[in-house]
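In the two complexes below, subunit A is the common chain; its partner is subunit B in one and subunit C in the other.
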Partner chain A sequence: MTVAPKREDYDVVVIGAGPAGLAAAATSAEAGLSTLLLDENIGPGGQVFRAISSTPVTDRNQLGADYWVGADLVQSLRASNAEVIHRATVWSLDRNLDIAVSIGGASAFVKARRVILATGALERPFPIPGWTLPGVMTAGAAQTMLKSSALVPDGRTVIAGQGPLLWLLAAQILRLGGRLDRILDTTERGNYFAALPHAFAFLTSPYFTKGLSMMREVKAKVQVVSGVTELAAAGDGQLASVSYVAGGKREIIPADLLLLHQGVVPNVNLAMAAGVEHRWDDLQLCWSPVLDASGNSSVSGIAIAGDGAGIGGANAAVVRGRIAARAAVEALAPAAAAKLPAMATLRSDLAKAERGRLFLDTLFRPAPQFRIPSGDTIVCRCEEVTAKDVLDSVAIGATGPNQLKAYRRTGMGPCQGRLCGLTVTELMAQARGKTPQEIGYYRLRAPVKPITLAELAAVPKSEADIKAVVRG
Partner chain B sequence: MTRNVDAIVIGGGIHGCSTTLHLCLAGLKPVLIEKDYAGRHASGVNAGGVRQLARHIPEIPLSIRSMGIWERISDLLDDDCSFESYGQVLVAENEDELAVCRARVAELNALGFAHEELIDAAELRRLVPAVAETCPGGVVSRRDGAANPAQTTTAFRRKAERLGATVREGVAAGNIRHRDGLWHVDAGSESFAAPVLVNAAGAWAGKIAADLGEPVPVETVAPMLMITSRVPHFIDPVVILRGRKLSFKQFKNGTVLIGGGHLATPYQDRNETVLDWKSLATSAQTVFELFPVMRSATIVRAWAGIEAKMKDDIPVFGPSSRHKGLYHQFGFSLHGFQLGPGAGAVMAELIVNGGTQTRISDLGIDRFHPSTL
Partner chain C sequence: MFKRSEQDKRPQVQIFVDGVAVAARQGDTVSAALLASGQDARRSTAVSGAPRLPYCMMGVCFDCLVTIDGVGNRQGCLVPVAEGMQIEIQKGKREIGK
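This part shows the complex of A and B:
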């Protein structure tokens, strides 16, 4: 069944139905603004609350209390007048706030007075030797299967990397009866000291006790190797083993499945393609949009909320969604803003939700050797470009990611740099002795997600073309 | 501190880079000033067509001159530029269009040009098996082909630098003035002086010309292109249509480039363009009708490069009509890429020898204001 948008113009179009998008759309609609929420998935929730309305996992403890917070957000959205369309892939947004969206194989165009981007986060690339082998996947992909289908690994499984989501996934796999053979923790030892000054804020954040008990739960059941400084996957056409170095000692263990995760980064593709200015975040080691306190970007009318605005986690995402929506209401229907929570209240909620973030960012800042590969390790999967290829191109004159395209086609494949962009920027920055900010990022282009030629051919044409046909 | 050089070239598109290289080959020491980086705009992101086919008659001699260089591009640049020569085919979709093609080829033949050849339905089908059955024929230019535009422009820049050119990227040329027989141009913290100034600044060239007292009817445009995911190999030549805006090219890696001159909205000051998807949909519709094999391909990216288009659709090329030592090379009006190698060679001849054997007399800026020298 195809559900096209009911109107051509909306006051507010929210893109993404994760925590930020759900909160933003509900807030905007409650204030009486015509609101359209477009989301790529089959139901609301985004990544963190994936399948919140449909998951077959019914024991609430297995996915954790935090997961079920999503159900309340969905409740308030459904109580509002927001129009919600799922399986709706926004493939173009421009500075005129014209939006192209693909729904059930047909594209529609809508125009917004304000756009709130809540496109969330992506997993950071983890370019180790062998990361492209079948049998190696991201922890996020594993979690998707777990939440939507209750599927857990049953072969020899190794999880490698670091960060809160890694421990959450490990705990969820174990609770659902999945198999975990070993956890390889790549957190740099030095990070513990660097993070110490920020520890107090973290100790008083809600993440602390939850995180600690989750790690304890996992460590009771699985061998955890900390201080891993080298990591490689090997196998002939299929993952067979994982080798690693910890404490100066190399070990090789057989494995059928390797789950990699070293944190998440803002999903910038749609925002960048719309012309939103981004800057390199030296702590989170990624591109983040330049935003004001209400989430407004450098493009007039486009605000960004949630992890797409800089990684802050689900609680912060909800508040950022409300702030961005309130700002939209203030701009479009000032009188209606009175019935929403005051901006000062929201900002103090946000400060609370963001407490401890600095600690997490510092502790889980990925080590250089896991971000910046060397030699034959693949950087760009779409075009099979290695780290050495990139460095060779730098040596003969490629100065940045966009110039590199002329040499190696990096970033020109279907993933549009999602799997290689950060690696290319950091690799070129290191090779040229520049900062990532100086090196820059790919210029991203619509369609942000591929659409078929047939679908594009079927969209309504411009008036001039229609007239030309009539004159025929 | 002013640095004296032999020539100052403004603009690192294929034209500026090619002229810089050819000046080096003639023994000069030029400086090339590019506000972004070489190939940032139209030169690096165009369709890469290396086309003599269907050109305006005044620029055909320059195009033929250029073709000879393209065919030896590796010798010139130590880089093959991914140049390939499978011809370019103009498809007539009906008998009326074929009649126009026939008249065009006859006109060229009468002028002594033989590169365009009328073809019937059978030859069209042989060259382009995937084309719709209903097309009665067209025109082919067999030596034509395509190259990778970013790779080519970068290769020109790189070779010029290797032969002694000074290249300044990321700094805009400013404060252009003529004093004591020399052109002075500032570039960031540096200042250059030379007896020769070449205005090859693409979409930004019209302003430079106007500031120097030679305004021309030029506008900034941004022709859109889109590229598909890889599809099985089905076509070698570049295909363009007689009656509709479409150009079509499959690369070795299977991706297909779809262009044809539908325009985006350029925001020149921000180096940005906003695409018009409804026009791109028209291109998609045309491909859908003519090449059924393409229907399930996916569009992975669309973009537009910023460039200058003259009111009469032919470039401004040659010496200034007002100032000694000033040369213009801009306004290539959506078809400048193929001309780049030849135009650089001819421009170097004009600068070094004061003349050229290649007929360019219809391209001068004096067509807009008669000589005052």
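This part shows the complex of A and C:
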């Protein structure tokens, strides 16, 4: 069943089959470039179009028209000559554009002339007391189960946080007959004023009417508490209750499932490990790669498209995928670029898709108390390191995330910092009176996903490889 | 915690969780099947032994680690179920030989 790449060299290797990756691979292959699309999931779609080719949710209205757009992208990809491998975990990419990928427990190696990283986003860590308890999950996790397996919450369910995805998920759960007891909205009141100057672009963007009708649909059926300023999950080995403060008043409600969401952030691990320069984004409060207008990064030959290039949403991701692919075609086969939509057209598509983003980013900028925890709240889920542990380490000399590893092993567990990195950076920055940019991030290296030593040992070796390590 | 929607017409796939037969559906990931099973699927962490269930379901948090067909530390959210698959809820760290 395991499928290895058919060739050793490709013109373009695209990593990730979400909106950006699907669009990039189809564009590149249509222009005649040898194209390989590697993706970790079972099927195409990434997160936003998850299970687009296999979802058991057949009533199209339940997932919404924005979801089914993904089917057209998959159609174009399948009509192209791109080679596609799923359940393929890329664990190394370097500045020579050599790629190592684990497929079915065996590693294969390919070389690209151009790499388009479309590794997308992940949900921002939401480190509240009790967030590691069974029964606490991300909103995206519930949405993944809903799309790919038509599973919906049926115990006492609370959704907490902020952002467009939260309302979309709530609407989808209700449409599929799932249970939703309460929504705790953590949007800061001040954000509404801060976002006001950007409101015009938003009001004239497609997000506005869709968002409004979805919120109405949800509010008609579920109690929504706004202005939530404190949030904690509690229980003995299993979530039992959620406590929150809104308008200065504390409430504790029994719960079996708590779904958390405060936006998404770029999934930077592979790009950073490849040496791509990133900078702290003060608005989106995350690391974003430094890119030119075509998505080219600081590493020659590596472009980044989609939410991994900075959060822009699915529509922008598709266009960024096309832009990055067109740039690759212009570089490798300029004559073939004539077949593709002009760069100017794509750039104007992108501007349209990004309309309203500034408003959303400002309105849904997560509050400090939900990003920078204190006391016994766990920061690093893998190594079970608390905020107090991190601050104690700073007090005795830990200067940044990389030093902190030696003190506490933060970021050294299997998730490799994906669930604690931003929290550690912001927590240490605050404690040391520095900016996140000054504090920096974990130094990431391959393998960016754990692989077994047995898999590495099974890699074909040359005489020279063996001589390099064997004595005598 | 989760229930299946009635419109789900996918064929059943039988898997075994710590030896007990569980009805999953074709296309479920191991983690989704475990969460839908109604069984106690909590693993325990390698560091403190604290109970956990999957958190992200998209391959980034590693809280879904599980032993599948004798191989430990698999990300259950990335592996589709297969007929007769043997799942063990992983208690603590991966064991040698698994």
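We take it that the second predicted complex is superposed on the first by the 462 of 472 C-alpha atoms of A that agree within 3 Å, B and C clash if a C-alpha of one lies under 4 Å from a C-alpha of the other, contacts with A are read in each partner's own complex, and residues count from 1 in each chain.
Keep this in mind: contacts are C-beta pairs under 8 Å (C-beta built on N, C-alpha and C of every residue); 3 or more make two chains touch, one makes a residue touch a chain.
Please read all numbers here as calculations on a predicted model, not as lab measurements.
**Student:** Could you check whether subunit B and subunit C clash or fit when both are placed on subunit A?
**Tutor:** fit
**Student:** Identify the partner contact of A:L453: answer first if only subunit B is touched, second if only subunit C is, both if each is, neither if none is.
**Tutor:** The answer is first: A:L453 touches subunit B but not subunit C.
**Student:** Between subunit B (first) and subunit C (second), which does A:A406 come into contact with in this model arrangement: first, second, both, or neither?
**Tutor:** A:A406 contacts subunit B only, not subunit C.
**Student:** Which of the two partners, first being subunit B and second being subunit C, lies in contact with A:F109: first, second, both, or neither?
**Tutor:** first
**Student:** Determine, under the contact definition given at the top, whether A:P56 touches first (subunit B), second (subunit C), both, or neither.
**Tutor:** Touch status of A:P56: second partner only.
**Student:** Of the partners subunit B and subunit C, which touch A:A100 in the superposed model: first, second, both, neither?
**Tutor:** A:A100 sits against subunit B, while subunit C stays out of touch.
**Student:** Looking at A:S205 after the superposition, I want to know if it touches subunit B, subunit C, both of them or none. Which is it: first, second, both, neither?
**Tutor:** neither
**Student:** After superposition on the shared chain, which partner residues are touched by A:P414: those of subunit B (first), subunit C (second), both, or neither?
**Tutor:** Both: A:P414 reaches subunit B and subunit C.
**Student:** On subunit A, which partner touches more residues: subunit B or subunit C?
**Tutor:** The partner making contact with more of subunit A's residues is C.
**Student:** Examine A:S92 and indicate which partner it touches, taking first as subunit B and second as subunit C; both and neither are also allowed.
**Tutor:** first
**Student:** Regarding the shared-chain residue A:S80, is it in contact with subunit B (first), subunit C (second), both, or neither?
**Tutor:** Neither: A:S80 stays clear of subunit B and subunit C.
**Student:** Nearest CA pair across subunit B and subunit C in the overlay: distance in Å?
**Tutor:** 5
**Student:** Of the residues on subunit A, which ones does subunit B touch that subunit C also touches?
**Tutor:** 413-414, 450
**Student:** List the residues on subunit A that touch subunit C in their complex, please.
**Tutor:** Contact set of subunit A toward subunit C: 40-42, 47, 51, 54, 56-59, 87, 122-123, 132, 134-138, 140-142, 144-145, 148-155, 176-178, 237-238, 256-257, 267, 381-384, 413-415, 418-419, 450.
**Student:** In their shared complex, at which residues does subunit C touch subunit A?
**Tutor:** 1-10, 25, 27-29, 32, 35-36, 42, 45, 47-48, 50-63, 65, 73, 77-78, 80
**Student:** In the complex formed with subunit B, which residues of subunit A make contact?
**Tutor:** So the residues of subunit A in touch with subunit B come to 92, 94-96, 100, 109, 275, 396-397, 399-400, 402-403, 405-407, 409, 412-414, 416, 445-447, 450-454, 456-462, 465.
**Student:** Using the touch definition from the top, list the residues of subunit B that touch subunit A in their complex.
**Tutor:** For subunit B paired with subunit A, touching residues are 37, 39-40, 44, 148, 150-151, 153-154, 157-158, 169, 228-229, 253, 270, 272, 274-282, 284-285, 287-288, 294-303.
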